[in-house]
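Same chain, two partners: chain A is paired with chain B first, then with chain C.
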Partner chain A sequence: MRLKIRTFGLGNCIETIKSGKWRLFYFIFLFFFEPAAGQVNYSFVKHLSEVKLSKEHFTYISQQSGKCPEDSINYLKAKYYLQYVNDSLFLHFYFKSKSLFISDSNAFVAANIHFLTRDTALQKVWYNSVPTSTGSKKVEQINTCYSASVYPTKTDGSILPIALQSDFARYKRSQSKKPWAAAALSAAVPGLGKMYAGRKRSFYFTFFSQLTYGVQSYESIKKLGVSHPFSIFSLSLFGVFYAANIYGSYQDVRKVKKETKTQFLINAQKYYHFNFGTPLY
Partner chain B sequence: MLKNIIILISALLCTEKVFSQNEFSQHLLMLEEKAFLCTSDTLRNDFYLQKFDLYVQHNKPTNEAMLEARRIDYHLFRDTASMIRFLWNASVTSQLTNSVNPAAHYYSSYQEINPDSSVEAYLLGSLIYMDFDSAVARSFVNRLVIKDKSFACVSCLQEVANYSRKHKGLYLISSALVPGLGSALNGNVLKGTTSLLINSLAVYAVYVLIQSNLYFNAFFWGGAFLTKFYIGNIKLTGSLFDQKEERKKNKLATNCELMLSGVLKQHPIFYR
Partner chain C sequence: MKRFLILIVIFSYQNSKSQTVDLLNSPLAKSVFLDYKYEPPEKRKVLSFKSKRLIAKFNPLNYIAAGALFVYQRVFSEQIQASCIYEISCSNYTKLSVQEYGIKGFLSGINQLNCCFTDVIYDYPDYMISSESKVRNYLAK
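For the complex of A and B:
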């Protein structure tokens, strides 16, 4: 009887065992020593990652389960999901292999850069899990940038890289603005709240539209009287537009706050990716 | 007895490794590992070909199969037969994954190495070049028609791609002259009537406002609303025209698809 057995880890391939005595010896050997023989071929994993053979990559990692320490497998899975952008699974395996993952500076930096622009909830989970002192200056810089995005008013912009300072200053300015102040300004002078939010064009459009509505309402009241249906219709239109402009200004400030934050983080990600970006493997 | 029990336990523990090799992804991984360990370019190329063939055997014309095809340098094949077979399969896979440029490249290389005048080859050529170079596609269709007149329907793909409704300007002008007329001519009488009604009411409202000496109001309503309704009516005609064109195109495409599937049922294109 010829029996072919392939052990993947060490690359030694086919054993042909003919005699019953050797077969027994081989099986006993496999039973006790095979788990120890399973080693991850990292250069092969790197190759699979570089060529983007996701199917083979996943199969290889899955095949190593049970053969290699669980920590190593979880670490490889975390890197796999980081490469193929599955944030929740990445975090799941990252927490299972945290110490090992943090010790891989390339992957750790890549993950930090990656999460700068990810979904807010997962982003929070990630940055809360990052140890305060990692020993990596790159990670510390990225974390400072993330902290600046969370607490802009408490952060001094000069600690950020020069390339990001103008974006941060814009973001910081927008964060100090209050939606209710925009609403109050728009109530006083139609469209002024939009100017306060930083939307000049919108201010001009709103102001002149409101002015036109006002003049046509005034004309109809003057010539037809306030109780005339057309005057009531004109005044109603004016009122609706006036209220909409107040609400729009309130919403604009909130929108601008979000937009400047997103823009700041996108630019930060681009900057760090360009300066600190290294291959995952 | 004890010996047999130990063998049985060990065998059970190892069956995963012995049998799992049959699985598709395991097989792919095994070939990739062999290719990775290989130092010879020719041998590595052979392993890549084996991987591509595996996709072909499992009838999986996916993007992963295309990735494998792109890794293969077919000039390194030792025999022409393998090269021809690969180029054909790569052409079919590219066509099925909508990779227009690689499909044209593989197919032209295939025809260069092995001038093939079979119906299957011409049919594949006409399908590939339909999105790439319509003149070449037409020449393939003509050659097919010479063989069998039933292939004339293959050119329907080109007709679908080139189809466009005529006289769009005429519809727009008619809408500009009589609001709603263009929409009605496009087959949407209800929208056309509504358009006519809204524009007429807006004109009447402006007239009444002028009569009431509300000049600013007349200017405002006329400038802001009447213009908006009038331009909107012309824009509506344009969009209705485009929608009708799209519907007609979809109908033609569906008919063409039916005709093509009939042709492909009679003359199927297989992997080789």
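For the complex of A and C:
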């Protein structure tokens, strides 16, 4: 990597010198004329990144902007914003130094893992920008996982790693559920829509509480009559809870769809970070 | 008498010195115990209908609901030491959602109240559970 940045600084003529028997002279030249070459001290940037001196890191990169080739500076800025989680600025500098960034496999894999759980609009921009043939199996696996999250019904879960298959199956199952069906089920049997959405415990509690309200209303109507204030109060309470339950079940299905997707992507990020995660520098 | 006065002067000097030492220590103490600093909870605001339509502003039911929530939060909630399983408590959630979505918000608030029990955390995925074992709820349309 160090060599790559240096060549950007010195131009094409060095390409010919550094290969073959002139290689030794090339390194002697670099040793004496290092400041003149205008290059980034990569090990220093690595150190600043490791100790998380974000302000110093940024200042150092910014100071190099006039002295070094723009491509290298944009590449380092992209890595800086990737480390300090500023997605929009990361993408801005990534597009300016795309070829250099993709050649750094560590950073490219890290960015792919990072964008699994990011804001959907920027996530889309990132994964659309990833070239189809990167030559990296890691990147391909991560991209497959992302496309599975976008098109769950079209994806076969077996192509994913075994650790993620159960999460994906849950996500896929939730996508086929209909909110109106949950509302209809809750109208028939209070709380059944929650069971349909995948919230068993909510179903038990809702069902028994609704049953209690219902029985109480029935008893008060039977003993005191419909026009009695207590009957009106208990009946209206039951009505409010009944209506809220129907609306809540409708909402729950929509929420569960989002929750299962987010959970799947979070688990995928953890999995890939554990298996493919390498230091950024 | 003179000795007594001298003693008073000495003690007051020492006292003032000790206070200055405390003053010097306070920034250090602040930085060291920053993580353990107690921050009182935010004061709960009253349900407002300022940004709502004219019908909502003059609807007596809205004011009855706002009053009931106010009395519950200021009087009953503190007295019964009510603790909710959700990060935004049921009463607060109802208030916020009514402010945001009107009648739909009221229904979703009641729905949360209906599912407010400890075991409900098992119905939610891991990322929705906070470090204090509370469900991270958010306002939904």
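Convention: the second predicted complex is superposed on the first by the 245 of 281 C-alpha atoms of A that agree within 3 Å, B and C clash if a C-alpha of one lies under 4 Å from a C-alpha of the other, contacts with A are read in each partner's own complex, and residues count from 1 in each chain.
The rule we apply is simple: contacts are C-beta pairs under 8 Å (C-beta built on N, C-alpha and C of every residue); 3 or more make two chains touch, one makes a residue touch a chain.
The structure displayed is predicted, hence computed values, not measured ones.
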Using the superposition on chain A described above, determine whether A:206 touches chain B (first), chain C (second), both, or neither.
-> second
After lining up the shared chain so the two structures overlap, which partner does A:219 touch, if you call chain B first and chain C second: first, second, both or neither?
-> first
Check the residue A:84 against both partner chains and state whether it touches chain B (first), chain C (second), both, or neither.
-> neither
Based on the superposed arrangement, let me know which partner A:247 touches: chain B (first), chain C (second), both, or neither?
-> second
What is the contact status of A:234 with respect to chain B (first) and chain C (second): first, second, both, or neither?
-> first
Is A:47 touching the first partner chain B, the second partner chain C, both, or neither of them?
-> first
First (chain B), second (chain C), both or neither touched by A:55 = first
Contact breadth on chain A, by residue count: chain C or chain B | B
After superposition on the shared chain, which partner residues are touched by A:281: those of chain B (first), chain C (second), both, or neither?
-> neither
Could you please specify the touching residues of chain A with respect to chain B in the complex?
-> 3-8, 11, 23-24, 27-28, 30-31, 44, 47-48, 51-56, 58-60, 63, 212, 215-216, 219-220, 223-224, 230, 234
In the complex, go through chain C and note every residue touching chain A.
-> 104, 106-112, 114-115, 117, 119-120, 122-128, 140
Touch list for chain B against partner chain A, complex = 3, 6-7, 9-11, 13-14, 17-18, 21, 25-26, 28-30, 32-33, 36-37, 64, 67, 71, 212-217, 220, 224
Chain A contacts chain C in the complex at 194, 198-202, 205-206, 209, 240-241, 243-245, 247-248, 251, 254-255, 259-260, 262-263, 266
